[in-house]
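Following are the structures in question.
Two complexes follow with subunit A in common, the first pairing it with subunit B and the second with subunit C.
Showing the complex of A and B:
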């Protein structure tokens, strides 16, 4: 999979639309060049990590079982990161996704929801989690877009209150999932690949298409790059901003379902600090924190780098503290590189 | 009945070759003609068998929550130290994490690595049950420590502390010390109130006080942290101008509680701690604060888990029991430590 460079020159939405066709041609020829160029660093980083894994852990690292372990670990944060990519590309930030994940996992596993699911179908639990996520996302979006609350503050408030609400609903107890159909589906696998990894893959593909092949994606980039220009070009910036947070909330809801499937239990502590993991993966992946440029492939690579790092460290009995240091170094190096790229492209235009 | 387990062993041996190998090695390593090593035997006074003698190599995977609390830090430290005492144990230690997603992947890695046993203190018992069952199905001996799985079949053996017993021990000690003073004011500083373990401790405490006609007159809850203990104790001391005894659930938060007591300049009561940290035991030994006793919640549970995992894989039994298999569940005792017996417990105290 590869992708085109979705940076647009800041101001000119209408001109950009006219240039759409040649841009597409250029995109195809420049596929390997621009996108791969940007992602090459990530691929190399991942390859180096894998090499370290192979050297230090040998067969234990290379096996299919271990690769699936890495992917299963990556899946939940991966889905959150896809949602986060849209928000950050739109020049926003969402600190609430981890808490919303916890809230949706709790809400979908209450006695009432589970009884309803037993009586009807386990899809009720999925629907509940997605609705909770979507609802929280819409609240974020409305506060930010129409209430003009700074994204950092609005989502910080949601982060705290969603966690609190989850604790109230669960009474700080762990709610075990008893619905067998739900457990069978989410702990099962299809074609040898676990359901969670499939969900991550499908969400990534949908995210990629949405960002790179639709008007919605184009508008996201425009809103993030220069909201004033986007507004002048006829984009309803407020509504679009709200959509972006709703999307991140929906992704958190999906994450909640996945967490339920993985742990077979809803808990208000689920997803703690996942927003930071997601932001780190997105930024390391090459999406600009300032907005205006986003890459789903980069995000997926960023997520994989972090989960491979965790895996390699565990394989080698290394402490969480050393791992935290390594993560920090990776984030700083990635952002430094990003700034250089941004400077170069600014000099270019 | 006594022939039962033996016959079962025979059947198992005849049945599966894997089981055969395990049982045979288990039997041979227990035979008396195998000379026990002197150092190993010396390391464990009171052992009545050659259980500590090096046997087949055992690979144990160990995973516990992040060491963000003195007691939890001691859990990991003592488990690693215990594994280091055995030349036949190879410990694979996963980094401590409070993220169940990561902890599940650690167990998955242990399964991939085909370890012989897993000693697991889950961040959340229910959340780790599924993956623990998976490990059991893969033929790995799982030893569950402290926080129970939602399905007992997900572990071969469970090592638990006794939270209710902690409350009972603390209550009985306070009853003894107050010696029938029926109007005594007894205060309680609990940990995180919504946790089942806190509720168990408080219930045990109330039940034991009830036996001697006392009740908890003031109760506050903190959060197992120094600052939380400090804040809770400060408000408690404001609310209760005169007290006879205080039980504080946790020695880590006890550091803050003692600071608050010192700030308030109060010394008309005595205080009982909980968990058994080294600084609290030192204070009990020095006997120059209001702290006169503490109730132990063993931080060596995971170390015991490591020992049991080794015995299980090597097919040995607990040598001080007649039973030829390791028990299904081991619940540890919650003794009261006072100035009189503190030296006995100091070696197992943890640094907070």
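Showing the complex of A and C:
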């Protein structure tokens, strides 16, 4: 059972329920079964975190400003995590997204500070970052799909070399972006909500539609669930695998632009360890690391859980080290719970 | 319940009134089984009859909710698999549980390594392994050999040696012949006979009734989690009687007769000089609309590879495949599928289905892109198309939302057929269409293939069971050592002649 089950149009849903065997209906009614149940667990976890925030930090936590801070904090990792959800659903892994984010932000800021003529629009800078991300993703994808390099190794190599290339380009200096139009747009707000949060929201919605409503999403699930069966059904598995890494790279490029907007500087250290945050959010969200099942809603909740956690800890002046310990515990608990639920639902069928 | 126990010999192993309840299903509902020392006791039943659950209870992998297990007349409990082994009950599962990367010796003593103070006694282990292999008549296998390099038959021997290393008195074999060719099966039977002559009891599970006739002493038949007949003597029970017990109705173990192919039928597939270097060469044949062509041969003869190469799942190193007037691009499954070719692969679970996806999505796996509009899925159309096929093919249970994993072998095969029916295939390639399929569903699949041919599809069937190939096909190609050694109408050839051809080909 996948995400669609909770979001399908009402008419369709009722028509289907009528046709179902009683056993199927019974299976679905279990509270913690299916996508709804999994997401419910995440929502409860998030609610508990918020409650802790309210109790310990009170008004400082509840304020609109703080909530927007949490969302702004979540935005960059969030966009990376959406791309990562596709790769992991397709039974892959991408360790390079953090480095690619750094590379694309440095490349774009170099374009802005050194070579860009005064009258060139800042959109060129954005386009540059996206192309760098997409390009790195395509390199990953070609190596993995056609060169048959194991994804872990290919993206590990990209992670190291993209970071190195970023350092070379930046010459180990932080490049401050002073293009006013760019800063106005990306550091600004729309309807009181920061642009970064809007981007995260739009990317999430597009990701959800792509995964659940399009042939691209269906192919992703098929390729992750059983690549051989997908191939023998006529799906071009190699090409699709390549697309998945290209998509993750593009997401990293978007992340690079957002990072420039957030820090107003291109630095080769941008996005360090973000790949791990993204993988953690995806897995906590309920996407199977083995592939074949992915959930964008889960990923978004996973990202929010982690950024809320960070915020609660910061509000209470707890150290970053303590946060790291808490994150680790959450990852393990979430995965343990998911396994229990998966076992139970399998035994029930 | 039918019983047949004239001698009243004391049982080595008895299971009485075993009940196992799973959430939503009663897998075992009062099973009786008595196994004597030195006999081959066959366990028969359709898919879902409870055989797998029963052997898991016996192995200690499942705990029964009710009932008793007696060994030598003493009640025993088997709380976990190690306890089962300690009692001398060893199980050889269908998916052989050997570790490919370890040596034969390491596999035999896996989990009970010979060691003193943490240091393994490799020499002693090797010596004992050699003895065990000799006892199984396979002293040719080196104890140092890496198990991954052995054939399926070799791995089975290793698995048996492991059972013996536990001093097993009862060895449960779950469809041991499924992965073997006929020569290897003969060898397996010899080993089984050796074991029983040493007083070991073998519980033998198989779908192949003929095999049970050859190897079995007594039979227990399960149906819907109950024992419907226990301890029938093989010699005095007819095949028809066994089928009646298993299915609860009289099924002709027969293949529907089809009218001859029409003289004016157009050629749909033309395979010319197809070659996959190192596997097969110079394979040419035509299939006309409404015709069924069979490929007969041993495992490893290249018959499955021929099918996969025609489909483009393997890239041909020579020759061509034409469908209608279109030449297929070598090595491109997508091209073959677009041309209207479908393959139902040999390994349904690993090659055919996405097990955790719902049945309807498995059915529409090759057509969802076609029904989609501008890249957006039309799930309503998919459900409709899948629903029609589920009804037409009588897939049970008929719930399109159920995960494909939960279906029995026969119904999984129907899901694969449904996929190509939705696609509207002109050419259907079937690799072992009834492997692991119970008798009832088998008849349905035969009828379905006949119906498809009648509607004008060109069908190519590969099967290990020569009888099946000869019964289903209009024409047969006998494949041996990667060459077609005979081609002709099935009406002009019988099973023995095909076997002779296969043997001649291997000798040459």
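What we mean here is this: the second predicted complex is superposed on the first by the 305 of 349 C-alpha atoms of A that agree within 3 Å, B and C clash if a C-alpha of one lies under 4 Å from a C-alpha of the other, contacts with A are read in each partner's own complex, and residues count from 1 in each chain.
Here is the rule we go by: a contact is a pair of C-beta atoms (placed from the backbone, for glycine too) under 8 Å apart; a residue touches a chain by one contact, two chains touch by 3 or more.
Since this is a predicted model, take the numbers as computed values, not measurements.
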Next item on the list: Give one of first, second, both or neither to describe whether A:51 is in contact with subunit B, with subunit C, with both, or with none.
Entry: neither
Notebook entry, point to check: Is A:267 in contact with subunit B, with subunit C, with both, or with neither (first, second, both, neither)?
Noted result: first
Note to self: Applying the document's definition of touch, where does A:66 land relative to subunit B and subunit C: first, second, both, or neither?
What the structure shows: first
Notebook entry, point to check: Regarding the shared-chain residue A:215, is it in contact with subunit B (first), subunit C (second), both, or neither?
Noted result: second
Next item on the list: State whether A:202 touches subunit B only (first), subunit C only (second), both chains, or neither.
Entry: neither
Note to self: If we overlay the two complexes on their shared chain A, which of subunit B and subunit C does A:289 touch? Say first, second, both or neither.
What the structure shows: neither
Notebook entry, point to check: Which partner does A:160 contact after superposing on A: first (subunit B), second (subunit C), both, neither?
Noted result: neither
Next item on the list: Report, in rising order, the residues of subunit A that make contact with subunit B in one complex and with subunit C in the other.
Entry: none
Check: Of all residues in subunit C, which touch subunit A in the complex?
Finding: 22-24, 311, 313, 333-334, 336-338, 343, 345, 350-358, 361, 365-366, 368-369, 372, 375-377, 379-380, 383, 387, 397-399, 401-403, 405-406, 419
Next item on the list: Report the residues of subunit B in contact with subunit A in the complex, numbered from low to high.
Entry: 66, 92-102, 104-106, 108-109, 111-113, 123-130, 150, 194-196
Next item on the list: Within their complex, state which residues of subunit A touch subunit C.
Entry: 1, 4, 8, 12, 16, 19-21, 23-24, 26-27, 213-218, 221-222, 225-226, 228-236, 292-293, 346-349
Item checked: Footprint of subunit B on subunit A - complex, ascending -> 60, 63, 65-66, 69-70, 72-73, 76-77, 167, 171-176, 183, 187, 259, 262-265, 267, 269-270, 272-273, 307, 310-311, 313-315, 317-321, 323
